[in-house]
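One structure below.
Order as written gives the chain letters A, B, C and D; numbering starts at 1 within each chain.
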Amino acid sequence: MKLHLNKKAITRMQGIGIIVILVVIAVVGIYATLPTPGPTPTTTTSKGKFVIDWWYESSGHYPQSADQAAVYKAQMERTGIITVNLHAADWPSYKTNRDAEMMPVYVYGWYPDYLDPDDYVFPFLHSQGGGWLHMNYKNPEIDKLIEQARAISDPTQRDQFYQQVQKIMVDDAAIVPVFQSSAWAVTKPDVGGVVLDITQNMYYWLITPPAGKDTLVVGTTDSVETNVDVAEAYDFFGLNVVLNTGAGLVYIAPGSGAGPNDFVPGLATSWNASADGLTWTFDLRQGVKFSDGTVFDSSAVKYSFDRSLSLYLDDSSQAGIGYKDIIDSVEATSKYQVVFHLKIPFAPFLSLMAFQGSFIVNPKLAPVDAAVNYVEGDAHASNPNDLGPYLLSSWSRKAGKDYEMKYDANPNYFGIADGYPKTQHIVIRFYSDATALALAMKSGDVDMAFRQLASSDIKSLQTDTTVKVWQGTGAFIQYICFQEKIAPFDNPKVRQAIAAALNRQELVDTVFLGQAVPLYSMIPNGMAFHQDSYKTLGDANITFTVSVLQELGYG
Amino acid sequence: MKNEKLQGRIVVQLLPQLRNLRQRGLAGWAILIGAAIVAAMAIMTVASPWIRPYDPILINVGPILSPPSAQFPLGTNHLGQDMLSRVYSGGAIMFQVAVLSVIVCLVVGVPIGLFASYLGGYTDKVASLVMDSIYAFPGLVLAIAIAAMLGPGVVNMALSIAVVYVPSYFRIIRSQVLTIKELPYVEAATIMGAKSRTTLFRYILPNVIPSIVAVATINFADAVLTSAGLTFVGLGLPVSTPDWGWDLTYGRRLLPSGAWWVIAFPGLMVVLLALGFTMMGEGLSELFNPRLQK
Amino acid sequence: MIMLLLTFVFLVVRVLPGDPASLHFEKQVSPEMLLDFKRRLGLDKPLIVQYFEYLVGLLRGDFGKSMQDFSPVSQQIFSAFPATLELAIFSSIIMVLVGVVLGVQASRSYNSARDHSIRVFGIASYAIPVFFLGEVVIMIFAIYFHLFPAGDRIYPGMAPTGLTIGGLHWSSGLFVLDSILEGNPTKLGVSLRYLFLPSLTLGTVLCGIFIRLTRGNMLETLQLDFVTAARARGIKETTVVYGYALRNAFLPILTMMGLQFAALLAGAVLTETTFSWPGLGRYLVDRISFRDYTAIQGVVVFFGILVAMVSLAVDIIYAYLDPRIRF
Amino acid sequence: MPLLDIESLVVEYHTLRANVKAVDRVSLSMEKGHTLGLVGESGCGKSTLGLSTIRLVPPPGKIASGHIVLGETDIINCSDEDIRKVRGKRVGYIFQDPMTSLNPVKRIGAHFVEMIHTHEPEVSEQDALKRGKDVLERLGILPERIDDFPHQFSGGMRQRVMIGLALALGPDLLIADEPTTSLDVIVEAQIIELLKELKKSLKLTLILITHNIGIVAETADRVAVMYAGRLAELGLTDDLFEKPMHPYTQALLNSVPNITKKGQVLSWIPGAPPDLAEPPPGCLYHPRCPHAFDRCKKEEPSLTKHNGTYVACHLYDRR
């Protein structure tokens, strides 16, 4: 009897079950047909809310770009008059979209090539120099100012020019700087000599190893993107290998603000420019030897530049910066003297020479007609630079990413007399992501972690007494671009309204836990001629934003 | 006239399955529980705008990464967003992707399966070859590859998932049709001169439907997991829409800081949802596919 | 089958939106630069020619050149494969062991509470996203208890050198095997520690199907006459269960192993991303963000070939194990 | 001192619907060297009875009450290990379907070796094989075929192998559970002959479970008739076949064609065995019994002795 009831119960339950399924399918089905937030690359500017289609890069090319995007959206919508539709694209698509000029608002970032204010205004605000950003921003006035500023070397005059440039920048609000990221390194407490200056370089030869060791083990998540040939490398890590294994004519004094007087001798011991700034003469250091014993002289310098300029590979730094627009020819006037003939007077020329793209290669290792690529198991053949403090003694890659690199002190290095390099051997281990790197640092697998630690990891490491956290001014800046082809972003008022709605401090605190600094000018903090121009628009200046947009009929 | 007679036969054919339903207690419970879970989640997702305490995309509603507390029962994430609200509304995308992909699979897979296997011959051979080769391949990898080409977006995700799961429909339908084709009452129908269209839709389709339903439910579960997986490898949607898969993806970066609550709750939701569909699927296939019984 | 898949992938890669070449550049480039780039990758030729060149290349084990650094994809794939292989081997060991043992247990205590709990576990394990389980495992074992490393394979300095006979030098890339060959217990220990969490995660997620399969088959075979007959002959229970029932239930399990290999690879992709395990899966994911089509294509095709080879192997073993099949 | 003594054995099957008594208060005892024929319709519980003598009732069935004593071992209460020692060593068991009763992935030899090893670990593999060969030879199978796989044998051959396995360790008791049902008539005859011959030569104690009365008639010393899990009648073969007492037995005998009698109409038993889930009150046979009177519907008959034969029927214990 009992059993029978049970049987019925089960049947009934299953009846219900089936019904529930139908209900579920129905509910879900209906729900699925509701409008889905798919990308719609057009901005609808009807009466009512002001809708922005806001794009960001989603494959980790920029630090925590997704978090930033979330913050931007939230901040814009706080005004109550703006709605933001976020759109993500991985790096390659992001670039095609940019070139297709279909992103109304998009966020970009910048590492400096040569350390000079010019490298922070010309590539953005100058209609020609900024062409690659496709903002379609052109203001003859600002173009003229920039050209004048880069042509003269007198600081005071340049200052005046840059003051005006930064003023117009805010009036037009064509491009809005947001933040400048600090540089971070974490080491064991007894490691010394880590210099994190505005150049973003890591000078391994200045670092003193942990007590009683002559080897420094460094962990990083970076990896050489193409190769370490001066004539092609254009990614941070590739250039840093060039810096430590190669040598340039001049250097920016480590730790300095890269001001006009901060240049120190490298392979060149002295230099001077002609009055018109079109010819630069460098006297070379004597007695410097390549690793194969041959003597370094002016021919090597000429060879290096001729080679880079003749190759001029599409993804090389020379092509990127436009060396050919600046340098006309290089002439070896004597065994230890070279003369550069320029096409235009170019104030930041020394900075350009200090940039790794201008370093000197070993002619024997660098064929004139091709870039030197990674050669499996042969570090020597993979690296054409051998004048620097270190020689690349081993380099292994796995699955197209770096795996391990070893530097050994270069016995022929010209700086040996001054006691450099301070550490004989550098071992660089590559970790696949920030998490792994942080844990390696915590567990003491590495003596030093440099790039890229997530801000949350840095925060937790700062409270960790077994490690030492180094902070320096970063020259990486991030900024918002507007596509002026798409209305209403051709209207400076609208752009200012959006700029004013930003709350840079909040962004920096939320996304980077305070490990970056708000930026109010394209010229980063700590660099000559910097001025907090955008402060005039204020932060989270909602009243301003609302009033502007209401004038235009939104809200 | 004669067709009606045969109709009667069909009912007879289906009866055993219904009787089955009454006998197999466990399967019934599985279906029931599974369905309940799924229903609960669907309702939660749809109702989230009214029940969630905060707007899930609002930042700094609370301190950054605060553990579960009275004010934030599930804590907050690295942007100071309320996890509870995110958990409430995080299912939307998964549901959409799952439903879409299943629909696509039904629209594409069922007809192909029916016709290819019913017509037989070359059509069948070619179709089976294509389907099997896709079927044999690591599904997620294929989905990833396709999604990578198509780019982000609900529809694209659904499509790339559908491509992977169409074969399983095809296979089950094919095997069924091949057996049913031989059944006396179908042959009888053909002998009695029923049009092949009639045979296909009147006699074969009804008998295939149960297993289609079963596969579809499993497909739901897989779609949920796969969409989460796609998001995890960075092929998901922009941050603006709260999504469990997304929270899991980001949670990984927060692991060293020990913020377990950021991954735990969204993760559990995904598991529950997939579990619900799986249980339904298991139950159904246990009811309908005698081979899988026991 | 591979051919088919290959063609499919090839077309997908070529036809779908975005000319791979133009996607590659930072700035807009002059047509001649683009052409040069295409020439470096052989993308300038007509589609059909590219296709056949690709096929011919494959026969020589050449997967084309990476669009990112122009180095041969095959080299990158082969350097990443050992990691994946090692992970796959260990996780499938866990997968099968756990699955079969639990399955047998379930079938022996049919319909009991134990049986049901095992079944539920089976279904649940199927419903857990690999990476979620991975994150949980990391959180518990690595972050809180510091028992195992949270990720990566083994730090470069510790990589075992493999077998060295005089000047000759050979390493399989499987760190466990290599460290044994090298005769270095510490490295073996380290390798295993790094290997443990990933394979545990992957194995657990995949064992569900084996539980169900084993259980089902055991239940059937345990009721077959010859099992009863064996019992009636007083054969020991363990012998009956493992020697008779399991031995006979093993063939379907083996087939399933073949089928599951694909799932294993798929799971590996996510597991490797979760544990930043430097294998093919991670390589694939990395390359996606670069839109390195040749690499993606290479990995997909490579996986296809793997799957095909495994299923072939399974068929052979099957024939070998089942006396009723003789060639 | 009987070899096997079964005392009011009850075996129940637990199903969702009800607890079915497959064997209900059956008592039997067997002397050494005797042969018992156990007959009844399929599903009457005779196989269950057979299996319970080595405690091998398949789940969900289980022995509910009663005693089984083999020699001095208490089958029901002894340890799993002891019962295992009994199986195959002291009781040989032959199953109904030889086609499926051998492990398809093991060679015949392996079967023998394994069995002999489990019970006599000291025996070497060669000796074990040797023994196996001898047994097979005696059963009329070429010894060299010991290396073949089961699927290479015919049904009859396999049954011989099964018998061989059952006899390999010279058990005290041999239980043959419908050994010929699945075989064709000629093979059946051969197998029966074989059994008879073995019985003589080895002085086997044999329980022959079958629904084929003919076989029983020619092999058994005593016959037990089961109906719906209960003993209906138990007696010497000759008596039982001369003058069957229980109406069921009579019906059973009538349903066998008899070539000696001319023009005899073949009779059958009307109705079907009762549903043991809801057994009828009183005598389980009364719904089909021609002589049934109302006492049969109320009171359950008990097994009582009538000139040498035990029978459970109210016709014979009038009060």
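In the analysis below, a residue touches a chain if its C-beta (ideal position, glycine included) is under 8 Å from a C-beta of that chain, and two chains touch if they have at least 3 such contacts.
In this text, all values refer to a predicted model and were calculated from it rather than measured experimentally.
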item: Chain labels contacting subunit A and also subunit D; value: C
item: Of A-B and C-D, pair with higher C-beta contact tally; value: A-B
item: Chain ID, smallest distance between chain and overall C-alpha centroids; value: C
item: Whole-Å separation of chain centres (CA-atom averages), subunit C against subunit D; value: 54
item: Inter-chain centre distance, subunit A versus subunit B - centres from mean C-alpha coordinates, in Å; value: 43
item: Mean-CA-position distance for subunit D and subunit B (Å); value: 54
item: Distance between chain centroids, defined by C-alpha means - subunit A, subunit C (Å); value: 37
item: Two or more partner chains touched - positions in subunit A; value: 7, 59-60, 90, 93, 435, 439
item: Shared interface positions of subunit C, touching two or more other chains; value: 18, 142, 150, 288-289, 291
item: Overlap residues in subunit B, where contacts from two or more other chains coincide; value: 25, 151, 234, 252, 255-256
item: Subunit B to subunit C touching residues, read off their complex; value: 129-130, 132-134, 136-142, 144-146, 148-151, 221, 225, 228-229, 232-235, 248-249, 251-252, 255-256, 258, 260, 263-264, 267, 270-271, 274-275, 278-279, 282, 292, 294
item: Interface residues, subunit D side, partner subunit C - complex; value: 54, 56, 58-59, 80, 84-89, 91, 93, 95-97, 100-105, 114-115, 118-119, 149, 151, 162, 165-166
item: Of all residues in subunit C, those that touch subunit A in their complex; value: 18, 22-29, 33, 36-37, 66, 68-71, 75-77, 79-80, 142, 149-152, 155-157, 276, 278-280, 282-283, 286-291, 295
item: In the complex with subunit A, residue positions of subunit B that touch it; value: 21-22, 25, 28-29, 31-32, 35-36, 38-39, 42-43, 45-46, 57-60, 64-65, 78-81, 92, 95-96, 98-100, 151-155, 234, 237-241, 250, 252-257, 280
item: Partner subunit B, residues of subunit C touching it in the complex; value: 1-2, 4-5, 8-9, 12-13, 16-18, 123-124, 126-132, 135-136, 138-139, 142-144, 150, 216, 219-220, 259, 262-263, 265-267, 269-270, 273-274, 284-285, 288-289, 291, 296, 299-300, 303-304, 307-308, 311
